[in-house]
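What follows is chain A paired twice: with chain B in the first complex and chain C in the second.
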Partner chain A sequence: MLFIELFIQGLIQGSTYAIIAVGLTLIYGLLRVLHVAHAGLFTLAAYLGVTVTNQFGSLSLGIVVATLTSGIVGVVIYRLVYEPILNKPPYVALIASIGLYIAMEELFRLIFGPFGLSFSSAPLQNVVVIFGIHLRACQIITVITNVVLLGILAWIAQKTRVGIGWRATVDDPEMSASFGIDPIRVRYLVFFVGSALAAVAGVLVALLTNLVEPTMGAVPSYKSLAIIVLGGLGNVFGTLIASLALGVIEAFGTIYIGDFLDRDAIAFAFLVVVLMIKPTGLFKSR
Partner chain B sequence: MAAILSAEAVTVRFGGITALKDVSFEVKQGEFLSLIGPNGAGKTTLLKTITGIVKPANASIKINDREITKLPTHSRIRLGLALTHQIVSPFKSMTVLQNVMFAAGYKKVRNIGLSILNFSRSSEKKDAMAFLEMVDIAQYKNFPVSTMPLGILKRLEVARALAIKPKILLLDEPLAGLNSQEASRLADTIKLISQNGMTTVMIEHNLSEVLRISDRLYVLDNGKYLASGNPKEVMKQPEVRTAYLGS
Partner chain C sequence: MKKMMLIATLCFVVAGLGTGWADDTIKIGLHVPLTGFAASDGKSSTFGAELAVKQINEAGGVLDKKLELVIYDDQANPSQSIPVANKLIGQDRVVVGVSGSYSGPTRSAAGVFQEAQIPYLSAYAIHPDITRAGNYVFRTSFLGEVQGRAGAKLIGEIMDKKRVIMITLKNDFGKSLAAGFKEKAADFGITIVNEYEYSMKDRQFGAIVAKVKADNPEAIYASGYYFTAGPLISELRASGVNAPVIGQEGYDGSKFIEIAGKAAEGVIITTSLDRDSKVPETANYIAEFEKLAGYPADMVSASVHTAVKIAAQAMENAKSTDPVKIRDAISRISMKASTGTIEFNALGEVQKNVQNQIVRDGKWHHHSVIDDPELLAPPEK
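Right, the complex of A and B next:
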């Protein structure tokens, strides 16, 4: 039973990593930019989710406001920060992104204070027993939301014209423009979708931990960057598998080697070992 | 007959190198024009300038008298241009049919909401099959493009360009890399497309096929205009022979 419980806890954590990292890898796949400030949008959404829920008493409203706002801010970041420097070497965008993330962290500290924010009455904390496994409602909602969102994303990418246009632009931006696709609109769309996914993750993590802090994006950000390398840069399927694997390894590691290493150290040790053995990642880059 | 496409005073510089200098030409509705010249003459640069891939230092490019010089590539494509590339580069994640379907349905991608909700692609499939049959590769429709030889990919490139239903077809070395039999067959197909009313501009080094299928030649040398006119007469001009053939 412990084994199954740990596995499920790992999937819950891994699915959250997945929706952060998938957004990151979508952006990398299209622009070849490591968008570190993605973690800032994750934190922004967590703050907005908690603030709106506390103010209006509606978690649904909090999620909608956080998702739309972060999506729009993501597009604005692309337009103002990345678009002017896309023809510069990749490290220029990386440095800009790191600088932006640090600025966002400090902005959150100035606006919301340094000590963190919690739900005044944390929703979905009741415990549900499924086949003898005790889970909080927010954990179940987290997995369901993440699976549904990733399913919708896969469906859009594979089955709709927009998804086909987006895949074509990832394959060859110049060629897709030769077939009437506006690459700028595709970039806006990818930044909106990627940022909205990070936003959902931010609100879900706020629900799981009931604590939002200015620096809460840092660790998921480092892990997501490692995950997208592990999954093959730009490879959405590889990123999904790498995220779930990391979540499960973390859950088991916390119990079995938790006396020697803490949760984040276990995750990074796993990533370092895998990347030492296979530096190009477990799956093919795109 | 009025010009459907015109390019006036095209000058393109790459750093300190002038790739095209004050080049002007026009193509009439239904005409088959071939751009020829030695390597480095600026032929591909001229086509890429027309489609907006290369930004000119100076130019005035018009489709049906509409100025398009400042428009981005995708807007020019929507106004009726189609370009096939010298180095074929189909979308690797798609099959042969899906590549042509993507091109056939590109207008429906403009509205994101409608394109997500309207996912029936039967009309694109029907159109795509017609174009695959036109270029004689319908039997390979379900194959991933990564498994296809160059001869098929060159035909796929033409089918994709036709699938966007252009007013003007721009072909960049469609016969390059093909053996003489394949080249002759594809040249026949291109000629047939042109005879059905498609305005065509083709860059090609295969002179025997160029002379066989073109209505008119336009010769560039070292980024400058050299000659234009009836293919056989142009090829008799000594300066063309010197520049192009080195004799």
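Right, the complex of A and C next:
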């Protein structure tokens, strides 16, 4: 029973990792940029979600505002920060991204204050008991959202014209451009979708913890980097599996090896072990 | 080289001007975390200090001069507090230093103040080594170990719960609380069934909560701050764990109740601020703080308020701003402050009663007091 419960808790945690990390891996797959500021958009969305929900009493409105705003800010970040330095070595974009993330963290503190925000009456906290396991509605919704969103993403990538154009641009930008696909529009689209996904994760985590802080992106910012390396850089399916696996390993690790290995260290220990056995990550990178 | 000389000269001139201006005020230095994860405690600390200075100045100041606060951000980071301490001593020429920060930065700043022989008061940092920096360093709150021992008495004797699970925050705060709790647990008949540790960055506790549920304890002794304890207790209650949770001063404040909502009801903490106190110093502080800050008083702000008041009183008693005389006056002080009566032992530690507070109807209220002098005795060396 305890094992099942730990496994489920791991899946819930892993689902939040997956939704954040997928956007990151999409961006890496397309532009080879390690977008650390992605976690800043996750935080931004959490703040917007809580503020709008508290103001207007509607969580749905909060989610819509949070995802749209973060999506647009993601595109703006690409346009203003990454586009001018794309032809520079990769570490230039990485440094810019880290700087941007720190600036965002401090900006949240200036705007929203250092204390963190909470829902005035947290939605989706009702408890459902399934076979003796108590789960909050928001925990169940986190897992479902993860499955549905990544399912839709896979369907778009495989079956639609937009998705085919996007995959073609990832594989061979010059060739796809010569077939009339606008690479700039593909980049805007990927930043919008990736950032909107981070936004969904931000609102979900806000619901799970009922606490939004300026620093809440710090752990996802580096853990999602570990996850996308594990999953094979740029590989969406690999990222999903790596996220869920990490969530479950952390859940068991916290209980059984937590005395000598920190939960956050487990991600990197796992990363080291996998890379020693399989240097390309669990799955082939794109 | 010429340029260097010029800069050096300029520095001396500016430094000279600095001290020249300082003559009509008496400066107290304060380092607090204004940015980083602990920024909220830094803000409360600042309000606490500002309230103390405002009250002192309105009552005529100290030695017929106004008090002036010099505040710097230490980011709750030990490597930041050393340059900050040097700046307070060398550039601002403060006569007393106050830490409104956590143990790490306070430990490293304490050494700097000791070396410069400037009196230094740690308001709420709990690490035992802080006062061991030397005879210029004092602490106005209890040590983590002392509060941990009080927690054991609260659970084992006052609440009469014997099968206890510990959930420990893996930093010096959580570790020293846990050490004190374990030291006295057996004396109060407590069996520690299991102990789980978590890190400062954790906000989701699904795995620990699942295991605690399986352990089915009579009580849970969980160390942490409001930002970890809020989510933890929400998850415990949502998963059907109804055993009482006992926390400490890290929970203290209204933010914990805001995060945990209904789950906060019935949570008991060991702290140094009694919300229902009839003692004028405390009651007045609670009212005045909310007026100034716009939110209810917490332990952190009260502790810094106490430390600044002690510093001012010591200068009055010494009739001087000479650091040696202030130090001697602090060591002999006996004064009532918002967090209780302050008297220091040879090591610079205080002995005060532990105030147990409980959440009822969304507010902190008096639960019980622990006044066992032997249990609460701080170390002498």
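Heads up, the rule we're going with is that the second predicted complex is superposed on the first by the 279 of 286 C-alpha atoms of A that agree within 3 Å, B and C clash if a C-alpha of one lies under 4 Å from a C-alpha of the other, contacts with A are read in each partner's own complex, and residues count from 1 in each chain.
By our rule, a contact is a pair of C-beta atoms (placed from the backbone, for glycine too) under 8 Å apart; a residue touches a chain by one contact, two chains touch by 3 or more.
This is a predicted model, so every value here is computed, not measured.
K.L.:
Classify the contacts of A:His134 with the two partner chains as first (chain B alone), second (chain C alone), both, or neither.
P.N.:
It touches chain C, and chain B stays clear.
K.L.:
Specify the partner with more touching residues on chain A, choosing between chain B and chain C.
P.N.:
C
K.L.:
For A:Val162, using the defined touch cut-off, is the partner it touches chain B, chain C, both, or neither? Pick first, second, both or neither.
P.N.:
Touch partner of A:Val162: chain B, not chain C.
K.L.:
So, A:Met175: does it touch chain B (first), chain C (second), both, or neither?
P.N.:
The answer is first: A:Met175 touches chain B but not chain C.
K.L.:
After the superposition on A, what does A:Asn54 contact: first (chain B), second (chain C), both or neither?
P.N.:
In the superposed model, A:Asn54 contacts neither chain B nor chain C.
K.L.:
Same chain A residues contacting chain B and chain C, which ones?
P.N.:
none
K.L.:
Spell out the residues on chain A that touch chain C in their complex, using ranges where they run on.
P.N.:
Of all residues in chain A, those touching chain C are 1-2, 5-6, 8-10, 12-13, 16, 106, 109, 113-116, 118, 121-122, 125, 127, 129, 134, 136, 139, 205, 208-211, 213-216, 218-219, 250-252, 254-255, 258-259, 262-264.
K.L.:
Enumerate the contact residues on chain B facing chain A in the complex.
P.N.:
51, 53, 72-75, 77-78, 82-83, 85, 89, 91-94, 98, 102-103, 105-110, 112, 115-116, 118-119, 121, 160, 164
K.L.:
Which of the residues in chain C come into contact with chain A in the complex?
P.N.:
By the definition above, chain C touches chain A via 34-37, 39-40, 42-43, 170, 196-199, 201-204, 206-211, 213-214, 227, 230-231, 234, 238-240, 255, 258-261.
K.L.:
Residue numbers of chain A touching chain B in their complex, please.
P.N.:
156, 159-162, 164-165, 167-168, 171-172, 174-183, 185, 189
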